[in-house]
Structure formats: C-alpha cells, structure tokens
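Read from first to last, the chains carry the letters A, B, C, D and E; within each, the first residue is number 1.
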Amino acid sequence: MTEYITLSFLLFTIGAVGVIVRRNAIVVFMCIELMLNATNLAFVSFARQHGNLDGQTAAFFVMVVAAAEVVIGLAIIVSIYRTRRSASVDDANLLKA
Amino acid sequence: MNDYVPIVVLGAIALAFALFSVGIAPFTGPARYNRAKLDRYESGIAPSPLPDGGGRVSIKYFFTAMMFIIFDIEIVFLYPFAVAFDQLSWFAFLAVMLFLVNITIAYVYEWRRGGMDWT
Amino acid sequence: MIAPTADTPIPAAQIDYGALSPLLIVAGVAVLGLVLEAVLPRRRRFVIQAIVTAAGLVVALVTSVLVYLDLPDVDEVERVARGAVEAEGAVTVDGPGVLTWILLVVFALLSLGLFAERRFEAGLSPFTGRAADVPGSREESEAVTHRLEHTEVFPLMLFALSGMMLFATANDLITMFVALEVLSLPLYVLCAVARRRRLISQEAALKYFLLGAFSSVFFLYGAALAYGYAGSLNLTLIDEAVTARSDSGGLLLVAMAMIAVGLLFKIGAVPFHAWTPDVYQGAPTPVTAFMAAATKAAAFVALMRVFFVAFGGASWDWRPTIWAVAVLTMIFGSIVAIAQTDVKRMLAYSSIAHAGFLLVGVSAAYLGVADGLSVTSVSSVLFYLFVYGVATIGAFAIVTVVRDSAGETTHLAKWAGLGRQSPWLAGAFTLFMLSFAGIPLTAGFIGKWGVFAAAWAGGTWPLVVIGVLASALAAYFYVRVVVLMFFTEPVGDGPTIAAPGVLTTVVIALAAIATVVFGILPGPMLDVVQHAGAFVR
Amino acid sequence: MNDDLWGNDPMWVVLLKALLIFVILVLYTLFNIWFERRVVARMQHRVGPNMHGPFGLLQSLADGVKLGLKEEVFPKAADRIVYFLAPILAVVPAFLAWAVIPFGPEVTIPFTDVRTALQLTDLPVAVLYILAVTSVGIYGIVLAGWSSGSTYALLGGLRSSAQMISYEVAMGLALVSVFIFAGSMSTSEIVAAQEQWWFFLPLLPSFIIYVIAMVGETNRAPFDLPEAEGELVGGFHTEYSSFKFAMFFLAEYINMVTVSALATTMFLGGWRAPFGIAQIWPGANEGYWPVIWFLGKTLLFIFLFIWLRGTLPRMRYDQFMHFGWKWLIPIALGWTIAVAFMRKAMQEELFTQQNVLWAAGVVAILLLATFLIPEKKTQEPAPEDDHDAEFDAFAGGYPVPPMPDRATTDRDASKEVGRP
Amino acid sequence: MMLTVLALTPLLGALVLAFWPRSADPRLVKTIALAVSLVALVLAVVIAIQYDPGAGYQFVEEREWIAAIGVHYALGLNGIGLTLVLLTTVLTPVVILAAWGDRLPDPSRTNSYLAWMLALEGLAIGVFAATDVFLFYVLFEATLVPLYFLIGAHGGVGRSYAAVKFLIYNLVGGLLMLAAIVGLYALTAEAGEASFLHSDLLGLEMGEGTERLLFLGFFIAFAIKAPLWPLHTWLPDAAASASASTSVLMVSIVDKIGTFAMIRWCLEIFPNASQWASPVVLVLAVVSILYGALLAIGQDDLRRLIAFTSVSHFGFIILGIFAFTTLSTAGATLYMFNHGLSTAVLFLVTGMMIARRGSANISDFGGVQKIAPVLAGVLLIGGLSSLSLPGLAPFVSEFMVLAGTFTVSRPLAVVATLGIILAALYILLMYRRTMTGPLAPGAEGVRELDRREVATLAPAVVLIVALGFVPQPLLSVIEPALEPVLAAVSAGDPVPTQPVEAGASEGAQE
C-alpha cells in the first residue's frame, strides 16, 4: 500500500513544484490538476487500506470539484488570453507586487 | 487485480502492433524530397502562415468542452446511482432527481443565454 | 421482465431539513436566480434579481435566527454547547455555526446593497456588461450603449454565500472541501467582472484562482492524509483517533500542516497572504467588501472547527505554529500596510493584520471555564469577525463613493482633504478606521479586547503583548488616513464624491451605526456569542 | 460476477484470447471495408471490388499493403513527437475496448479441459471502462490535428473532438437506463440480465438514442464532419500518409465495430441467440455458437452504418451540434428520469409489468413523434435587417459560405448584442 | 447621578456645538461653550461642598454595562479624584476664555475646536471618577481622540506630525494597559466572576510574576501619559504645535491622568509590584526632574521650554508617589493640582505673547516688560510658581514631596533638590531674556493684556497665591483618601508598620 502513497506524494510534489516553477497559467493549472489527481490516488489507496468507502466517495467529490475548477479556471485564463494574447503569469503584472 | 492483467496483455499486443507499423513506415515507402510536399496542405494555394500557438479558435469549442465536462460529471454520478438503483431508498432516489433538476436548470440557462448557438 | 431485487437495501439518510433550512434556502434562491436569468427579459432582470436575492437573504436570516433559538442544549460534561450533528455527520448545526450563518447572511445583505447600486456608472451596475468582451473593444462600448448588465452576479454571490455557510458548519473534511470550492469558485468569477479596470480585475481573478486552487489542493491532500491517519473524514471520528493515538503521528502532523495551509490561505495569514492585496485591489469593490468580510468569517470558523474539534487532542502540536503565524501575520500586515498608497491595498494589508489578531484568539484554543460563561476563543473570534466585517463593508462602501472621471479613485493622495469636502463621509471612514485600530467606544475595541482576553486566558500572554504592540503599529496607518482626510490640503480639485445612492448610503449608515452601537453597548452581542457555546462534536 | 471465472485464467489462455481478439479485429476490419464497399456499390448500382480474391474479399488487404508502401511524410510545421504518437494513441485504445466485450458464454478450449469465458476479462465497471478507453482515442484525433500544423487538420481535430464529446453525453445517458435495469456495469452481467428480455424492447428510446449517438461518436456519415472531404479535405488526418494514416483508418473501423458490439451487448442480448431460436434449439446458447450470433448482430449494426452512409447526406456542423445538444441530450435526460420513475414504481409495485410495457411503448411513440415536428424558429431575436446586413463569414466562429443573396464583409455584431 | 451629570454636561455641550450651524456667529458659539463649562464648574463646586473627606468613595454609581464580561459603569470620587475634577472644571472655563482670540488655521471650525475641548473636559472628569478599570481604560483612550483633533486640526506648524506622534505614543501605552486589563480579566474570570470594579480588584490574588507583568502594563501606559523620562518625547512636540489652550488641557489635565492613575490603579491593585518597582521608578523620576530642567534651559521655543519644565515637574510628582510616604504622596497629589495651575498660567501667557509676536522663539523677545508690564507680571508669577517660590502654591507641594522622599532615600532627595535650582535657572533666564533689557526689534507689537485676558488669567493666579498660603482645604481632602492606598502598599511591605520611620532608617543606612 505504501507504494501508492509514495507515488501519490511524488505526483503531488511534482505538481507543487510545477506550480511554483512554471510561468504559463495553463501549465500551472495543469499542475494543480495533477495535484488533485495525486490526492485522489491517496484517497483511494487509504480507502483500500482502511477497508471503508469514505475515501472513494471523497475521490468522487474531488473529481466533480476538479471539473468545476477547470470550467472556471479555463474561463478566466481564456478571458485573460483574449485581452492580452499571453497566458504567462509574469505578463499579468498590472497589480504591483 | 488479476482482472486487469488481460487488459495489459491486449494493450501490449496492440501497442506492439501500432509501434511496429508506424515504425517500419520509413523503410517500406519511398523517400523523395519535395519542398511542397512537406508544406501543409491548403487546397492547392500557397499556405498562409500560422500564427503562434496555432492561432485563435472559436470560443464555441471552449463552451462545448465546458458543457461536456458538466454533463460528464452528471453521468459520473448517475452510473453508481443506476447500478445501485434497486437497493436505494426513496431518499436517494429523490436526491438524484433533485440533482438532475439542478443540471437541467443549468442546461436551460445555458441554452437560453446562447451557449448552444452554433450558427 | 427483470424484477427489481432489493437484496441489501442502502438505508436512507436522516436529514433534519428544518435545521438546515437557511443553507437550503440560500442555495435554493441561487438556483432560482439562474432560472430567472434564463426566463426573464433582459431589461427587467436586474431589479427582479436584486429583489429576489434580498428576499431570499431576509428569509434565510429569519430562519437562521429561528434555528438558532431552537438549538437543543447538549449535556456535555464540561461546557455549554448547543446544537447537534446533522445530515449523517456531514454538517454540525451548533451555536457557533448558526451564529456564523447569521453573520454571513448579514454581511451578504450589506454587500448586496453595494452589488445592486446603480447610481455611479450612469445607471449601470458596477459589473461589466459582457465579461466576454475585450476591454476597450468596440463590442464593449456596444454593450454599454445597449446597457447590458451581468445579472448573474446575484446568483453567484448566493452560491458563494451558501458555500461559506456550509464551510462554517461542515463536520467532515470532504464536505468542508466541497464547501471551500463552492465558496471560492463564484468569487473567482466575481473578481473578474469589474466594469472599470477590467485588466486589473481579470488579473486579480487569475491570481486568486491559481493560488486559491493551489491552496485548496493542499487542504485536500491534508484531508487525505488525515483520512489515512484516522480512517475517517468525520471530524468527530478523527478526534477519537487523535485522542487515542499511540504512535508519534508523523502522518497526523503533515495532515494538520497541510490542512492549515489551505485554511490559512483563505484567511490571508502570512505567509499565505500573497493574493490578498492584489485581489482586494483588482476585484470590483462590492465583491471585495463581500469577500473580505464573509470569506474571512467562514474560514475562521472552519479553521477553529477543524483544529478544535478534530485536532483538539493534538493542540500542543499545532498551537506553536499558529502562534508563529499569528505573530508574523500581525506584524507583517501592520508594517507593510504603512507603505501602501492605495486605499484598497491598504485595507487588504489591514485585513491581513486583522487575520493575525484573530489568530491570536484562535491560537489560545481557550474553550472557557466549566459550567460558566466567559470569553472563549470561539466567542471572541465570532464577535471580532462581526465587527471587523461590518466595518470592512462600510469602508469599502465608502471606497465606491470616492471617484473621479475614471471610476473609483483609490490612490491615497487623492483622498487628501476629503474631510473638508464631505465631512460625513470622511467621518464615517474615520469611524471605521478607528474601529479597525481598536480605539475604545468603537466596536473594534471590544473585538480586540475579546480575542486578547481569550488568548490571555488560554495562557498565551506574550502573544497578547505582541498583539497590542502590533495594534499600535496598525493604528499608525489608520491614523495616517485620518490625517490625510482631515489635515491635508486636497491635491488639485481633490476627490470627486459621487452622491451616494440610497443603497450605498444605507449600507454605510448601518455599518457606522453598528460600529458605534456595538462599541458602546456590546453587551447583548457578547451575550449572544457567549451563549452560542462551544462547537458540538 | 463469478469470481472464479475472471482473473483466474492461466497466462497462456489470456495470451491466446488476447491474440485471438487482435486477429479477429484486424480481420473483421478488412472484411468490413470490403463489406462497406460492396454494399455501397450495390446501393449505387455498381459492383464494387471484385477482382482480388473470391468476391474481391482480398481487396482491402491489397489496399492496406498499398498504403504501407506509400511515402511517409513529416510535414515541416508538424510537432514531430506528437505527430508520430497520435496514430498510436488513436489505435491502441480502439483495441483495448474489446477486452471486456463478451463473445459468448463459458466454454471449454478445444484439445484441453480448461474452461474459460469467451471474453478476455470482465470488470465490475466494464462499460465505464469501455467509455473511458474509447475517450482516450479522442486524444489521438485532437493531437493529430494539432500536431500537423495545418489549419484543416486543426479544425478537423477540434470539430471531431467537439462532436465526439457532444454525442458521448447522449450515449452515456442512454446507458444509464440499461444499468438501472441490469443493476450492474459488468458486461457479462448485463448480458445475463437480458436472458428473458433484450433491453432494446423496454428501453427502446435509449436504444435509438444510443444508435444515433454511436454514429456520431464514430464520425460516420451523416455525421462525418471531421473528415468532410468537401470542406476540410481530410480533417485531422489531412497531413497523414502511409502506415500512420492506416492506423487512423484502422482505429475508425475498429471503433465502429466496438460501438456496434457494445450496442449488441447492451441492447440486443449480447451473444444470446435471437428470439425464438433458443426455444427451438436448446444448444444455441452454448459452446461456440453464440459467437456467431454475436458477430451476426454486430454485422447488423455495421450494415446500418453502411446503409446510413449510402442514404443520408452529410449534416452541417451547426445542425449536427444543434441536434446533439438540443434534441438528443434533453430527450435522453427526460427518458432517463422516466425510466427511473418507472423502475421505482415497479419496485414499489405500483405498476404491473404490463402497464409498464404499455407506458413505455406510448412514451416511445410520443418521443419518436417529436422528431417529426419541424423545429420552430424560436427565440432568435429576428435579425431586423437580415437581408441588408453585411454578411460575416466568420460570425459564429466557423467559416460559413455566403448565401447567394448576401454580400460578404466583416462583422455583423447586431445579432450578438442581444445576449450578454 | 451627580457625577454622570457632571461628566455629561460638557459632553452634551460638545454635541450641541458640533451640530451648531457653522455659519453661526463665532461669539455665540464661544459664549455657549463658556456657559457650559461654567455650569460644569458650578456642579463641581456643589460636589466639592457636599463631599465628606472622611467617607471614602462618594457619589458612587454602579450599573452593569457589559454584563457578558463583567464590565460596570461605575463612578465614584475620593479626595484625589475630587481634587483633579476640580482642577479640570476650573481650568476649562479659563482655557475657553483664553481660546476666545485664538487664530485657528481654519476659522470656520471654531465650533469643532470648542466642541472638542468640552468633550475632553467631560471625558477627563469621567476618567477621574471611574472606579471600574475597564471604564477607566475606555475613557482614558477616548481622551486621545479630542486631543488628537485639537492638536492635528487646530494646531500650528507641524501639527500633523505632532498629532500622530502624540497619538501613537499614547496608543502604545494604552494598548499595553489593555493587555494588562485583559490579564486582569483572565484572573478574575478564573477566580469566579469576571469583574473590573476597583473594589473587587483590591484584594485580588495573583502570582508574583503575573502581578509584576500587569503592573508594568499599567505603569508604562501612565508613564507615557505623565511624561516620565525616557517616554516623554511626544510632549514637547505636541506642546510646540498645539495652541496654548490645547497645551493647557493636555499638560495640566490629561497628563495628570497618568499620575492620578498611578495612585489609583498601580499602587492600590498591585502593591507588591509597586514596591518591587519603586527603586527604578524613583530613579527615573529623578532623572526626569534633572533632564527636563536641563533641557528646558537649552530651549529657545517658549512652548517647548514649558513642556520640558513639565517633564521635570512630573518627575517630582512621580517621585512623591513612589516614595510611599503619606507626606510625599499627599504632596504629589497636591502638586498635580498646583502644577496644573502654574503650567496653565505659563502656557496661556506665553500663548498670548506668541500670538502677539508671531514667533515662539525666546530670542525674538526682549524688553517686553516696558511695553506690557501686566503681562510681564503674570509671566513672572507663573514662572515663580513654577520654580516653587515659597508663598506660591507649588512650593508647599514640592516641599512635601522632597521632605517625604528624604525620609526614604536621602541621595535621591538631594539630587531632586537640584531640580529646584535648575528650575530657578530656566525660569529666570527665560524671564530675563524675554522681558528685561532693551526692547527687541520686532517685539514692539506685543500689546498689553486686555480685559478679557486678565479675566482669563486672574482665577488661576488668584488660586496659586491663595493655595500657597492655605493649602489645608485640599490637603484635608487628599490625605484621608491616601490612607488606604498607602496601607495597601505597605501591607505588601514585610517589615515596617510605620512607613515614614522605616523609610527614614532605610535612607539613613544608605
């Protein structure tokens, strides 16, 4: 069982690093999705380990939420892209840090 | 877990076949260089340059994708419900119906606001 | 034909709809708003949507109060607590939770006044007519000439509100996560649809979204690990596992840390505050007001619920971290706010500082004395959230009023001399600033007093001392604004004060009255928050 | 599910079955191509391929070999890696879907005494698995379109994916009622549940929706917009040649067979002998015979595909999407709800079976009738100056040819303003 | 009810003025303000007459205010409070009368100027009468707001900076006290019922560490208020920027809250900690005395000079308080009153001088007594009272403080006495430079005092002289009130039963 957890943790870390390192909003966003899926993996593995269904149900909800997030997130990214022709996070710098 | 082993086997066979076919293509066919041949095809006229990133595509495709996601999620919920249908009480039944009503409302909203106009 | 076979029936969930009715009403009205959006003709949508939303909120408010009055007493051995776990363990309808509902609905009602204000933009709402248009394009000016308005903002706001309400009462980490997203997603959208300065608004939305999604994944992974540790996502059951733990609990520590990251982000605590100034500045001001007041309230109650109920048994593991975060947040927010030149950014940093003060109350984890009513972490934070929220909405309402030809003028230099031009407005703003600074006879003072009292009672007096010093720092920049408004000569023509519409006036007036009344006579409100009791588990 | 039946085959049996499926699919594809050409030819009063092999049966093989001997092209603008991988990504999932299709009941392998099911494996979520795996194939198409670096290919890929996902929803909804009746998503159990009644009878609307959706899913006429030769040249595979093109071709035909097989399994009783035969001949549902029934039923659907292709003109893209989103999906949704209520009513014994059948029939007829009602021109806020307005070829985002009475210029925004 | 009425009278007056139309005749507004303050004075006098010196807290009012956290609206006066209430009510009419001719930066805002003054008076009375520490704190902090606006909106050059500095310093102090009050709450809540009443807090049990911590919270707040070196730096800035009337209100009344509260809250509630801290405090007080005096000598700005003299005087007051002898403490209390008077005279007179000359620099004056002898005379009286010339009021109190301190610590008393000499130096130097010698160029415009100004200054001058000869009425009120305080402090002191003697022997040993 620990392999799955390790894998999920690895995926999560890769996603997190990606979010921090990458500059393209879409890529950042995909990294976040990767993290969500890593979470799902963890949920399902733990569900198996504990022998109850809570984790699997949780994975269900996570999928739905991830989908909703995709809809909203892509809409925002697309609208920014339409106005600026760039999806780089660094190009969005009207708000001073 | 063993249920999935045959799938892997079949997948391996298919993958091997596909890789082999695509892989031997350079050796089976002729290779005669021709600049026009390597250009993209545009009905016989000189191809117009593509903008970066493939250029813009209609936002309608985005709408379609979004709607698909919403409805696909709906289906994801409906399948377990359907499978367990006979074991479910009225409560679960009504809950899913309520869920469907909600989806329908979103659907009507999208329809009315022009999200499904393809013309 | 295939006969139905009911071999192992799955039992129906027991749900007390009465107790959950405020939540259901808000969500229901939001859905109703969508239907209206689909069926109403465009010209009449705005007014009807606003009225329906207001009516829904009022009904929700009334039912919340009724639910609150009807909460059953819990015979816990030690402390006063009222309420019960509902919906198969998913939601806890208890005193603090229902009180938070009431707060949230009140905040939403106040913000609604700003959402629905159509006096400033030549009779149009503060939201863009068609979010899909490229700013400055021909389509956009067309949208303006055709007087298009996004009336979806009302349902969106209600959806966010329902998420917040659920967030504050969720008794289950996955419910909490869903609520977190339900509250966040509409806010992301709302951030992006400002009528003026759309680029900034969209940028704010993007930042909010990316960072928000990032942090909620952390929350979720924390939940997954907590599940791995305890074998359940239910806060009560996690508590049992935590209390009975035998191992060192490395998994538990990581889980708590990750959950904390997610929650602290929503709260805007350092070092997870990076989004706050950008988003507060970029979002349409009504949205900022709503977000600043309501999100913070919901997130704080959720934070306390998770850490008091589920991880209460491990409080000595997490409290030092929260102390550190609280200290950092207070000091950082106060110091950086001093350097700000934009009102909205300054209020954003002030909100960070306030998150720190609130965390002081939380970190004490003081649950009160047995069988007695006293200031506890929960009650003091609730009171603070109320006064902070009211003053925040009031302050942002004033921000919407101070404008020049390009819309709101948020640069501080432009606010110079406001006191001469419209003493009432400047006076109200001063009042809110004083309340933020925690000057006696304003509600903010009692709020601060409460969290510090709870912290001291919880044995963290050094935090109280740091807290009061940070308050003094914070007071500096609040006072600076007052100085600017009253004692500085206006630059050029000074700010143009748009005559506030009835709605905005009412909002400002209500906020100001509440700030004064609860500053002078906080007794009834304090009684209420104390009688709310502890979290039910 | 029978636990000792699945996942306990010896490795060589698994290998054998997998190989068999692979071979069957390849051969079936060759056959289908020939079959299609012959049938279409017959419909058009032609003869069709008849030179190579008996009845020209080897024509497809010859074509395939010819395809393999063509020059392989890597277009200049292509993204080479993705361009290379796309056909593989299209074809492998097409094969994979067959892992859970039941060809027949449990049999003894000849020359041994090993008993095994005529099905590679089964999963509790087999149908879901099929849907998932076939969806992966869409990636192949989109990526092929994108990586070619050509406008036609890109548009074809986008259209294709838009179309497939649009009809996937209707298809998925149609399957819900099957699951309600079968109480399982395992293919073998669904077949088992159809022992008495094939589901296409009680679930006729589902069946019709499924059949329409499956045609849309496989990009076949009249829904073959992605490769619409007239407008998009070849769609997503415009720039492909040689074996890579062959892979897409193969994938399309396998997908056709896959959806047919799924239709057979879900609605036509799978490998069960047609109604009546089993009553006359008890052995019809045992041994290797069911494979015949199964392949026969599948071929029926293949014929339907061909028939449609020979009969119907291609739809316009907007008509196609309109049909999918505004007709199929609401009907599927409504029907699903109706099925759920009926089933619930049966559970509560409100209805006798008879009544249900009647009601189903009535509803089905009513629903069918709705197809006959011409669609109203609704809601369109009648463009005031439709004819005088300058025509915008890209108004909705898709290039639309100008009608004879309209002049082409740039944007006509007045129509858009009506809806924020 | 008497005290509430007394405190509410000016507050209501302030409210009336705030809403009075701005276009109204300024003289009418001023008259109203003066009338209100006189009413308050009359009320205060009535209270003083009714006051019975031997009966502890009187005119007590006690009502629940915020029941949830045990806060009461509790007022009551003892001798000390009465003294300071009298000081407040006496000085306010004087100040308003003095403000009659103030040229404000924005003349249309006379209303708010006077309204804030009245508000300050009301709040100050409340502070002196509050017997609930929470109420005390609220009013204590609330006094900042009027003063802040008085300095910031109606002050002179650099007012904005001065106002903010003033506010931040006092706020820091106030907030530290808030922390301590929070601590008190935690203690009482733990002990049972949360309460902030003075009477409930008296016998409160607390650990040594806690007590010291809480004591520090309170003490630092009061030390900032009553500018004790090194926390005094806000005062000179504020005084230099504020109008003369504001300065009087600030130094003579509001700063007294600091010393007053040291007696009422620090000594009574934290007797042990007060004992513990007294050596340090005494040293700081002496440093204050010398430091203030030395810096006063070096000042060229009249207002800053007076501000530094006040730092020095506050040093005496704090010295007296923390010497813990009946003599010194009573002297300190009396000193509060007297210092209020003498500083008021100084600030007002110099204010008039500055208004006439248009400059606050001593070097811009010279030989003024030739053209304005009455003005010079009043300045001299004020100055002499400030340097504690025998026969004027401050002498009595300063002597008492020094005498009391002497019994406790001879070295400190001796060093403090140096302060008197320095005081003579700065006052006389200032007087010589401004008033004697040849008339400085530019100082010709310094007119003689007019009748209103004489009327303004007269009451204070009269009181200074009168109290110089007959301090007994005030002392008779003060001393009984101090008894319980000293009893509390010495109860924590393990050895001596008679504080004076013990102190003396201690001093002798040193």
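Assume contacts are C-beta pairs under 8 Å (C-beta built on N, C-alpha and C of every residue); 3 or more make two chains touch, one makes a residue touch a chain.
The chain list, named the UniProt way, goes like this: A = NADH-quinone oxidoreductase subunit K; B = NADH-quinone oxidoreductase subunit; C = NADH-quinone oxidoreductase subunit N; D = NADH-quinone oxidoreductase subunit H; E = NADH-quinone oxidoreductase subunit M.
The structure displayed is predicted, hence computed values, not measured ones.
J.: Based on which chains touch which, give the shortest step count from chain A to chain D.
T.: Step count on the best path from chain A to chain D: 2.
J.: Highest contact-pair count belongs to which two chains?
T.: B-D
J.: By C-alpha centroid distance to the whole-protein centroid, which chain wins?
T.: C
J.: Between chain A and chain E, what is the gap in Å from one C-alpha centre to the other?
T.: The computed centroid separation for chain A versus chain E comes out at 64 Å.
J.: Between chain C and chain E, what's the gap in Å when you average each chain's C-alpha atoms?
T.: Going by mean C-alpha positions, chain C sits 44 Å from chain E.
J.: Taking the mean of the C-alpha atoms as each chain's centre, how many Å separate chain A from chain B?
T.: Here the centre of chain B sits 20 Å away from the centre of chain A.
J.: Could you tell me the distance, in whole angstrom, between the mean C-alpha positions of chain A and chain C?
T.: Chain A and chain C have C-alpha centres separated by 25 Å.
J.: Indicate the residues of chain A shared as contacts by at least two other chains.
T.: 75
J.: Where in chain D do residues touch at least two different other chains?
T.: 183, 343, 347, 420
J.: Which residues, counting only chain B, touch chain A once they are in their complex?
T.: 59, 62, 65-66, 69-70, 72-73, 76-77
J.: Quick one: in the complex, what on chain A touches chain C?
T.: Going through chain A, the ones touching chain C are 5, 8, 12, 15-16, 19, 25, 28-29, 32, 35-36, 38-39, 42-43, 45-47, 49-50, 52, 54-55, 57-58, 61-62, 65, 68-69, 72-73, 75-77, 79-80, 82-84, 89, 92-95, 97.
J.: Any idea which chain B residues touch chain D in the complex?
T.: 1-7, 9-11, 13-15, 17-19, 21-22, 24-26, 28-32, 37-43, 47-48, 50, 54-55, 57-61, 64-65, 67-68, 71-72, 75, 78-79, 82-86, 90, 93, 96-97, 100, 103-104, 107, 111-114, 116-119
J.: Enumerate the contact residues on chain C facing chain E in the complex.
T.: 369, 373-375, 434, 437-441, 445-446, 448-450, 452-453, 455-457, 461, 464-465, 467-469, 471-472, 475-476, 479-480, 483, 486-488, 521-523, 526-527, 530
J.: Touching residues of chain D toward chain B in the complex: what are they?
T.: Residues 6-9, 14-15, 17-19, 21-22, 68-77, 84, 87-88, 91-92, 94-96, 98-100, 120-123, 128, 146, 148-155, 158, 162, 165-166, 168-169, 172-173, 175-177, 179-180, 183-185, 233, 238-239, 242-244, 246-247, 317-318, 321-322, 325-326, 329-330, 333, 336-337, 340, 343-344, 347, 379, 395-398, 400, 419-420.
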